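Letters are used for the chains, namely A, B and C, taken in the order the chains are written, and counting of residues starts over at 1 for each.
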Amino acid sequence: MTATPSFQAIILAAGLGTRMHSATIKVLHEILGKPMIGHVVEAALQAGAGRIIPILGHQRDRVQSYLDRRPYSHQIEIALQQEQLGTAHAVFCALDSLQDRYPYTAILSGDVPNMDAPRLKAFFEATVASGKAVGLVTAILDDPLTYGRVLREDNQVQAIVEHKDASPEQRALREINAGIYIVQTSFLREALTTIMNRPTNNAQNEYYLTDLIALAADGPGVFAWIIDQEECIQGVNNRLHLARATDFARRRINHAWMLQGVTFLDPSSTLVETDVVLSPDVILHPGVHLAGQTSVGTGTRIEANVQIRDSTIGPHAHIKAHSYLAAATVGPETSIGPFAHLRPGAQIGACCKVGNFVEIKNTRLHDGAKASHLSYLGDAEVGKDANVGAGTITCNYDGSKKSKTSIGAGAFIGSNSALVAPVSVGAHAYVGAGSVITDDVPDRALGIARGRQRNIDDWADPE
Amino acid sequence: MTATPSFQAIILAAGLGTRMHSATIKVLHEILGKPMIGHVVEAALQAGAGRIIPILGHQRDRVQSYLDRRPYSHQIEIALQQEQLGTAHAVFCALDSLQDRYPYTAILSGDVPNMDAPRLKAFFEATVASGKAVGLVTAILDDPLTYGRVLREDNQVQAIVEHKDASPEQRALREINAGIYIVQTSFLREALTTIMNRPTNNAQNEYYLTDLIALAADGPGVFAWIIDQEECIQGVNNRLHLARATDFARRRINHAWMLQGVTFLDPSSTLVETDVVLSPDVILHPGVHLAGQTSVGTGTRIEANVQIRDSTIGPHAHIKAHSYLAAATVGPETSIGPFAHLRPGAQIGACCKVGNFVEIKNTRLHDGAKASHLSYLGDAEVGKDANVGAGTITCNYDGSKKSKTSIGAGAFIGSNSALVAPVSVGAHAYVGAGSVITDDVPDRALGIARGRQRNIDDWADPE
Amino acid sequence: MTATPSFQAIILAAGLGTRMHSATIKVLHEILGKPMIGHVVEAALQAGAGRIIPILGHQRDRVQSYLDRRPYSHQIEIALQQEQLGTAHAVFCALDSLQDRYPYTAILSGDVPNMDAPRLKAFFEATVASGKAVGLVTAILDDPLTYGRVLREDNQVQAIVEHKDASPEQRALREINAGIYIVQTSFLREALTTIMNRPTNNAQNEYYLTDLIALAADGPGVFAWIIDQEECIQGVNNRLHLARATDFARRRINHAWMLQGVTFLDPSSTLVETDVVLSPDVILHPGVHLAGQTSVGTGTRIEANVQIRDSTIGPHAHIKAHSYLAAATVGPETSIGPFAHLRPGAQIGACCKVGNFVEIKNTRLHDGAKASHLSYLGDAEVGKDANVGAGTITCNYDGSKKSKTSIGAGAFIGSNSALVAPVSVGAHAYVGAGSVITDDVPDRALGIARGRQRNIDDWADPE
C-alpha cells in the first residue's frame, strides 16, 4: 500500500473580525486557553500537513509573534494579504508560498477552531481516494443560516452560491459549504489565476474562493465530504459563537477523558484544556480548570474550583478545594490545600502537606515536609520531614533584592516566625514560636528571638 | 408624528405565594439579586410608565419599605388590597389611585419578572396603534399548562377562560393569556365597576380580571399581542419557577454582553446582574458573579469564581481567582488576588498589587502600592509605591475603638509586622520584619521592635 | 386490607466493570458521594426490603468492607459468585441465601443507581397485585441502544431477547428490559435450577437471567411495569454513564428541595447529596456542594462555592463564599467566611463571626465570639464574646504533642499574637498585639511579650 501523500495547508487569518468588538484580531481569541489559529494549525499538523501557510493581514505582527513562539514555528511560512478583496484573493496571496512537492493543498479558516485532526485526515484521504481535483466539506443543517449553499445536479456538486447571492429556492437548500477544502496544488494555481483575472460578479464585489468549485465541476471534478457533526465546522464571528465553540471543544475533551477512566463529578462545569494529560482514576470535582501543559497522575482527586496551569501533579495526590497552582510540581500522595497557592517554581515532594492559606514560590519541599497553615515560603528549600509552623514567613525581599532561606531536614519552625533571608535553619533544629530569625541556627539547635512576657494585673476596667 | 402618550402601571403584588414555602412574600424573592417586583417596576418605568401603582396586601410593609428605598420611589403610589377576592378585585382597589391624565393603564404582575422594557414598550405602542380599548399579551405554547386560554371567533379574541373553568375542547387550545394588559383608563374604570357589581360565576368564586376581555370584545374592542419568546411571560409560583426565571434572565444578559464584545469562558456558570456595566474585551472566567452596581473597564480579566458586588473595576485590571470584592474600587492595570478580599471602602489605585490572603477594608492604596501576602489592612492609607510585607497587620481595633494607620510613599513594611494604630510610618521609612510598631516612624527612618535572637545548641534529642 | 408482604432483594454486584478503566470495582464508584451499591441497597430497604443479598465477586472484600460499615449491615447477607458465567448463574449463587419466609425476591443491579424507593415500592406492589410469578420493569426508549428487547404477543410479554441475539426486526422494537425484577421466591428457585441445568444457547455462551421471563410466560405469568422516567433505569458502564447518572440524581434532589422552599440561584451547578437535610428559605448560591450528613437551618444563606461535609448549620446563619467546612457545627445567626476553613471538631456558637483566612480545628467558640482574620485556632476554647485579633495563632503542636489553649469570656487577643499551648488567657484579659504568650494571663490582666521599638533615623539612602 502506498503511503498517502502529505499536504500543505493554507489558513485564512487576515480578517479583523469586527463583530468581536475587540482590540484583538479574531484568530487570536482563545478557545480553552489557545488562540483559534493555534487550534487550526495544530489540527492540520496532526492530520499530516507538512507545512502551514497562514495568510495574515490585520495585526499580522501579533499573529506572527504568536506563531513564532510555537514549537512548530519552523513549519510555518507566513503569506501576507495587504488589502482584503475576497477569499479567492486571500488564497491568491499564498500562491507564491506553495510548494509543488505537495500535490495537495488544504484551505482552512482560522476562525473554524473545532475541525479536528482525525476528521481533517479522513477528509484528506477521502479526497485523494476520490481522484477529484477539489474536495470540500459540506454539512446538512436544519437551519442553514447564512452559509453558502451547495448546488447539486444529478447529485453531483456543481457550484457554491453565497447566501447573499442565493435565490429563495437556493436558500431553501440545507447542504452548506463549510469553507474547508483540499485542492490539487496544480489545479489551485490554475483556477485562482482564472478567478483573479476576470471581473467579480456578485453582491459583495469580491473574488470568491467558492468559484473554485464551479471551475472544478466543469473540469477535473469535485468531491463533497459530508461531515457527521456540524459543530466541527462552525465558524466564530462574535463572542456568542466563541462561547459555543468553547463549550463544544470542552465537552468533546471531557467526553474523551471519561471514556478513558477519568471521573467528572460535573463535566458541564469542568474545563480541561487541549494539551492537558490525565490518567485513569483521576477524580475531578465541579469547577476545576486544568490549563496549559498540565498532567495529573492516577488516583489523584482534585476538589472543587481548583485552578491548575502548567503543572505536574503526581499520582494519588489530593488537591483540595479552591487551590491555585501555576508552573508547580506536586509529588505522589501529597495533600495540597484547601486554599493553597503554588506559584512558579513550587516543587512539592512526595507525602508532603501544604495546607490552607499557604503560598509557595520558587521553593522546594522535600518528601514528607509540611507547611500546614497561613505561611509564605519564597525562594526557600525545606528539608525532608521538616515542619513549618502556622504563620511562618520567609522574608525573602528586603526592598531591593531577593534572598534564599534554607530549612534543614527534620527541622521544626515554631508558629508565627519570620525567617529573614539569607538565613539557614539546620537539620533537626528548632525555631521558637514568634521568633524573628536573622542569624543561622545550627543543626539540632534552638533559635529563639522574642520579647519576654510580662502580665499587668487588673488592666481591664472593672465592669 | 405625535409622541406616544405615556401610561401608568398597576402591579399586582398582594399575594403571599404559599407554594414558595417562605417567610417572605413572593414578589420580594430575588432574580439576580433584585426582588421580582423591582424587575417589574423598572421594566415599566423604562418602557415609559409615568407612575406605578403597586397593589399590596400580605407583608405590605416589607414591600413598601423596599420600594421606598428605590431612586424611583417618587413615582410609586401604593394601593392596598385588604382581602383577596380575585384579580379584578385587586385592580378595583387601585381605581382611586389612577390618574385620568394617563389615557392608558398597564396591568402587570409582580411575579412575572422577565417581561422586559423593550417588549412592554412595543406592546404598549401596538395597543395604542390598534385603537382598541384593551390590549393583552398572549403566547402560543406547546404545553399550555394551567394558563387561561384565549377564545377566538373569526380570529377575533372573544374572551379568556380560566383553566379551571375550561371545557376539554377549550383546554386543547394552545393560545394562552399572559396576564399582562394595556387598558384605556376610562374603560378600565367602567369595566371593573361592572365586574365588581355582579355576582361571581366561576369555579373559584372570585372576581376575574379576565372578564375585562369579554366586556371589551362586546364593546370597544380587544387587541391581542402574541409574544415571540414565552419565557418573558412565565410566572413564578414556586422556587423551581424562580430558578428557571433566574436562568432565563441570566442567559439573556450574558447573551447581550457577548454580542457587545465581552468574552465568557462559560456563560452557563456566569452571573451578571441586571445593573452591572461591562466593557469590550472584558474576559470572564467560569463561576464569576458580578452583583449590584458593578462596572468593569475594558481589557480586564476576571478569573474563576470571583465574586464582586457594588464595585468599580478599572480597565486592564486582573482579578485573580476566588477573590471577593464588595463596595471597592480597583484602578487600571492593578492585580488583585488570588484569594483577595476587598471590603467596603477599599480603594486600590493604578498599577497596584493586592495578593493572596490579603483583606483590605476602608483603606486606600495609592498608585503602585503593594500588599502581596497574608495581610490585613483596615482603616489605613498606604502611600504611592509603598510595599507592605507578608503577614502585616494593622491593629486598628483595641477592643473599644477603631484607629487609623498611615504608611508613607515608598515605605517598606517588613514581613510579619503589626502596626498598632493610631500610628504613622513616614515616607521612604522602613519597618523591620517581625516588629510591633506602636510609635510613629519618621520619614526615611528604620523602625524596629523585636527580641534579639539567641541560639541554644543541642536542643534536639540525640536520635 | 392485608399488609403488603415484604420482600428480600438480590443485588448483582460481582462484575469488575472493565469499561470504567479503574482500579476500583464498578459498584463502588460514587454517585453524589455514595457508592452506587449504597444507593441500590438503600432504595431497596426504603421500599420495604427486609434483607439484602449482594452477590459479590471481584474485589468482594472492598465491597463487603463498605457494606459492613453501614448502619444497615445487619440486614445484609453476602453471596459469592466465584466465576462469572452469566446473570442467571449470579442469581443462582444466591439461592442458598434466600429465605422462603419472603414470598417475593427482588433482583436489582448494583450499577443501576437511580431506581428510587418510591418507584421500586410501586413496582413491587403492582407485581403482587398482578398475581403473576415474575414482574419486570420495562421502558419505551426512542433509542433502545443495546438493551434486551421485550417480545410481546397479543400484548403479553413472551420473552426477552438480548441485543446480541436479536434479529433486525427484534432490534427495531423500542420496549426494553431494565433488568429489574420481582419474582416469587419459589418460582425463582425452580426456574433458575431449570436454566442452570440445560446448555446455554446464545451468542455469549452464558446463562441468561432473562430466560426467566420465557419460563414464566409459559407458566405462572409475567407482569410488565413500564417505567415513566427512563433515567431511573439507566445502567452505568463507563464514566460517561456515571456522570449522566450523577447529573440525573443531582437534578432530582434539587428539584425536590426547590418544591420544599429552598432557593437555588443556579441549580445546575449545585450539588446536594442524598442524605443532606435542608429547610425552607435556605438560599444556595452557585457552586455550593453539600455533602454527607449535613443539615442546614431555615433562613441560612450559603454563598458561592462553599463546600460543606458532615456539618450542622443553624438557622439564619451566613456562610460566605469559598468557605470549606467538614464535621463542624455552626450556630444560629453566625457568620462564617469568606475563605473560612472549619475542620472536624469546630463548634461555633450563636452570633459568632469567623472571618477570612481563619482555620479552626477541634475548637469551640462560645456565643458571640469572634475570630475575624488570618488566624489558626486548634485545640482551643474561646469564651463568650471573646475577640481573637487578626493573625492570632494557637501554637498547639510542639513537634511531638498537641496541647490546649483556653481563652476566657470577653478576652481580647491583640493582633499577630502567638499563644503557646498549653496556655490560658483569663476572662476579660488582654493580650498585647504581637505577643508570644507562653504563661497564663490572669482574668482581667494584660499579657504582653514583645520587643521595645527603636527608630534609627536616616536609614534610607538619600535619593
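For this structure, a couple of remarks:
Throughout what follows, a residue touches a chain if its C-beta (ideal position, glycine included) is under 8 Å from a C-beta of that chain, and two chains touch if they have at least 3 such contacts.
Nothing here was measured: the structure is a model prediction, and the numbers come from that model.
Viewed as a contact network, the protein chains are fully connected, with every chain touching every other.
The rotation relating chain A to chain C, fitted on Cα atoms, comes to 120°, given as a multiple of 5.
Centre-to-centre, using mean CA coordinates, chain B is 34 Å away from chain C.
Of all residues in chain B, those touching 2 or more other chains are 268-269, 287, 305, 322, 339, 357, 374, 391, 416, 430, 450-452, listed in ascending order.
On the side of chain A, the complex with chain C involves touching residues 255, 258-269, 280-281, 285-287, 298-299, 303-305, 320-322, 338-339, 355-357, 373-374, 387, 389-391, 412, 414-416, 430, 432-434, 450-460, 463.
For chain C in complex with chain A, the residues that touch the partner chain are 20-24, 29, 238-240, 242-243, 246-247, 250, 268-269, 271, 287, 289, 305, 307, 322, 324, 339, 341, 357, 359, 374-376, 391, 393, 395, 397-399, 416-418, 420, 428-430, 435-439, 441-442, 444-452.
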